[in-house]
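Below are two complexes that have subunit A in common, paired first with subunit B and then with subunit C.
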Partner chain A sequence: MSSPIVYQLGNLPIKDHVFSPDHSLLAVTKDNTVEIYQVNQSNLGVKPKLFTTLAGHDKTVTSVDISFDGTRILTCSQDRNALVWEYDSAAGEYKPTLVLLRISRAATVCKWSPDGQKFAVGSSDRIIAVCYYEQENNWWVSKHLKKPLKSTITSLSWHHNGVLLASGSTDGHVRVFSAFIKGLDEKPEPTPWGSKLPFQTLCGDFINETGAWIHDVAFSPDGNSLAFVSHDSSVGIIYPDGEGLPPRSIINVKTNYLPFKTLVYLTNNKIVVGGHNCNLIVFEGDENDWKETRVIESQKDLTKETPAAGDDDEEEISSHQALNMFKQMDLKGRLNKPSPGGNGKVLSTTHQNTIASIREFSGNQVSTSGIDGKIVIFRV
Partner chain B sequence: MEDWRRIDIDAYEPENHLSKEELIPDLPPTSQADIVAVSKQVRSALSSGQFVEALALALDSAPYIADEATKNLHSETIFEILCSIKNNHNINDLSSFVKKLDSSQQDTLVKYLYKTMDTSYGQKQGGLLLSWFEKTIEVTGLGPIVRFMSDRRTV
Partner chain C sequence: MPSLYSFSSETLAELRKFRFGSARISTMQAAIYTIDTTSYEIKKENDEPVVSVEDLIEELPDNSPRYIVLSYPYKLPDGRLKTPLVLLYWIPPTSSQGSRMLYAAAVEEFREKAGVSKLIKVEDEDDFEDLEEQL
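For the complex of A and B:
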């Protein structure tokens, strides 16, 4: 297995990231802005070059997405707004267009539909805003999915038909809605989720066994199943059986890691998840059973770590390191002599903090972003 | 500007609020009589030396939807089993008991260990609870702790 490609882009947390479909651009969220990097497609080992910074939000940017053709960048933020950025080649910069979300609390997540005609924004206002472009007004307008939402939306995923929309929320529910916009969408083919789909139809409502927060949801590539990760360190997969019928099977795989934050449904039989354990875990299976098959990086168990035997030569250490040494002795009874230049304890994984988002990069690669400010491309 | 962080913004939107009742898991309620019956079964199993069976039975019949008195009664029953196993075995054998439980029973065991640590009788036996906790986590890893904190099916 080849080693992962790591980009350290500053030290600020990267909540969300996205590569453009041709991998020429990389967008990452940083505080109130989104940074756009140019990626060297022929040699990914070269660190991406900062191209521009999109500054249009007043509060933390929570999510970023690029449309399938790579022309439009969508951002949403805790300032209750979503912006659509388009490149203006005459001015040589990205120009934002404000979207009328009509929500009164933070926007938490935004996703383009597969055809790029519309997008959905989840919020802590118990609303999902489905937005589309109105030609006559030259404006992005939104329709609200409200019922029966009663809690913060943490995650969204579009079905490949561009009509069904899955959401995960903090009340432990995973719901599937129809986001059919009359006059914009073609009538979709019937799916196991339902066939008659006017806007706001609730096609499925599932609750996690423990009722813990749902952190991420994703449709399978064929659209016939739905996976979610929740704060109880489990992965769930739902297989529907048709309109009005209880699902054919719901599989819940419990693990003994720290909770998962994010997942990608890579193929119909393979899911990759990541989260607070700073590592990626691969699950494989079908509607009969799913199993954890491997972890991407070998990981030392921090609860069983023993202090490394230090060498005895006297070297000068900085006051900061000395302070840390005494802190360790005081709090943990550990006698670790700091090494000059070293930064003390590191995790055995590439990510040094929570993995905040995973995206599919190519058929067998995924990209991850973390609270440690790293973007990493793993082969899985 | 006044202190806007203290404004109750929910008051402006009375609709669609999540109530505590809606977060209660959809499970059948357990009556006190059921739990009393379980504790009798457990005691007879313990007196005939069937420790694993007693522990598994008690963990499988954990009351999630019940009043406080019933829940407390059941945690006392489980505490009795834990003491009894400890008194009759070597401390290093505890792991073998944990290994004989399935994963949901292990999760429930950790929930009860935490709950008992919060009681006065549990605090008098802190060492016992901590050795159970240590042996359990050695076998299971961090998962049951995470689920103790996130599971809405409380014991």
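For the complex of A and C:
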């Protein structure tokens, strides 16, 4: 298996990242801004070059997404706003358009619909704002999905028909809504989630037995199942049967790893998850059963192994590693010295801190971003 | 003070006709008025009269304000038929700030021209349900 491609883009945590559909651009969230890098497509190993910085938000940017045609970038932030950025080639820069979401708390996640005509923003205000561009008024209108949301929305996922929207929330519920906009969407084909779907219809409401926070949800590529990861270190997969009927099956795979924060479907039967364990795990299965099949990187359990001591005193340690060393001493009461000759890493995995977001890069590759400021492309 | 908004004589005649004509009809009638964004002229939007609350909700745009002159006949508890004429000011929260200001400035003038005494502000579809109590 080829080694992962690592881009160390500064040291600030990268909450969310997205590659443009043709992989020419990489957008990463950095505090209050979003940095756009140009990717060297002929040689992915070369570190991408910083192209521009989108500075328009007053508070931390929580999520970034690029529409499927690559022309519009969507960002949302804790300052309760969402901005749609479009490239102005005459000025050579991205121009933002403010979207009035009408929410009174932070926006936590934003996703374009598959056709790029509308987008959904989840917020801590217990509201999902579905926004679309209205031609007559020449501005973005936001419609609210309110009932029966009673808690912060942490994650969103669009069904490929552009009408069904799945949301994960801190009350432990995974809900599927219809975000059908009259006049913009055509009536969708019936799906196992339901057939008649006016705006704000609740097509499904699922909870796992622990009621732990849901960190991420995703529809399968064919739209017939829904997967979620929650803070009780489990992965859940739901197969619906039809409107108003109980689901065909709900499978919950419990693990002993640290909680997962993010997941992505590679095929209808394969999911890759990652999170606080700093590593990627592959799960495979179907509506009868799902199992963990592979761990992408071998991981040493550092609580069991004592680190090698003594002979690396003469090694030069950079200030970043030194800072980490003292932090570890403070935190754990002992030293995890960066391994000699190893590239200053303390953990045995590529990511040195929680994996915050994961996206599909190509058929068998996924890209991840972490709180350690790295973007890594893994081969699965 | 000269007004920004204009009414064509046709519109005024129509309004007058609606006012007197609908009093005799025992079913509800509604006329939707909009402000032209370039000429600032207030004119009627629907060609055929709207005869039910559901049709009215269908006709109204989701994200733009409108004025509705409504004649709503209903029976009082003592049996008398009353047909009040009211002005509904439809103003959804998703409308743009510019159009909200445009319609807000003209609402008083329109109310005068239409000869209506009662004004009801309607912000979304659910407000239509307690329309009868408000009348």
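One rule holds in what follows: the second predicted complex is superposed on the first by the 345 of 380 C-alpha atoms of A that agree within 3 Å, B and C clash if a C-alpha of one lies under 4 Å from a C-alpha of the other, contacts with A are read in each partner's own complex, and residues count from 1 in each chain.
Definition applied: contacts are C-beta pairs under 8 Å (C-beta built on N, C-alpha and C of every residue); 3 or more make two chains touch, one makes a residue touch a chain.
Here the structure is a predicted model, which is why all the values come from computation and not from measurement.
Asker: Clash or fit: subunit B against subunit C, after overlaying the two structures on subunit A?
Answerer: fit
Asker: After superposition on the shared chain, which partner residues are touched by A:Leu347: those of subunit B (first), subunit C (second), both, or neither?
Answerer: neither
Asker: Given the touch rule stated above, what does A:Lys150 touch, subunit B (first), subunit C (second), both, or neither?
Answerer: First partner only, subunit B.
Asker: Is A:Val295 in contact with subunit B, with subunit C, with both, or with neither (first, second, both, neither)?
Answerer: neither
Asker: Counting residues of subunit A touched by each partner, does subunit B or subunit C come out ahead?
Answerer: It is B that touches the greater number of subunit A residues.
Asker: Taking the superposition on A as described, I'd like to know which of subunit B and subunit C A:Ala212 touches: first, second, both or neither.
Answerer: first
Asker: For A:Leu12, select first, second, both or neither according to whether it touches subunit B, subunit C, the two together, or no partner.
Answerer: neither
Asker: Would you give the minimum C-alpha distance from subunit B to subunit C, in Å, for the three-chain superposition?
Answerer: 17
Asker: Going by the contact definition given at the top, which residues of subunit A touch subunit B in one complex and subunit C in the other?
Answerer: none
Asker: Which of the residues in subunit A end up touching subunit B in this complex?
Answerer: On the subunit A side, the touching residues are 104-105, 126, 146, 149-151, 171-172, 207, 210-213, 230-233, 254-259, 303.
Asker: Please output the residues of subunit A touching subunit C within their complex, sorted ascending.
Answerer: Residue positions touching the partner: 102, 134, 136-139, 141-143, 182.
Asker: Can you tell me which positions in subunit B touch subunit A when the two form their complex?
Answerer: 9, 13, 16-18, 22-23, 25-26, 103, 107, 137, 140-144, 146-147, 150-153
Asker: In the complex formed with subunit A, which residues of subunit C make contact?
Answerer: 61-64, 93-96, 99
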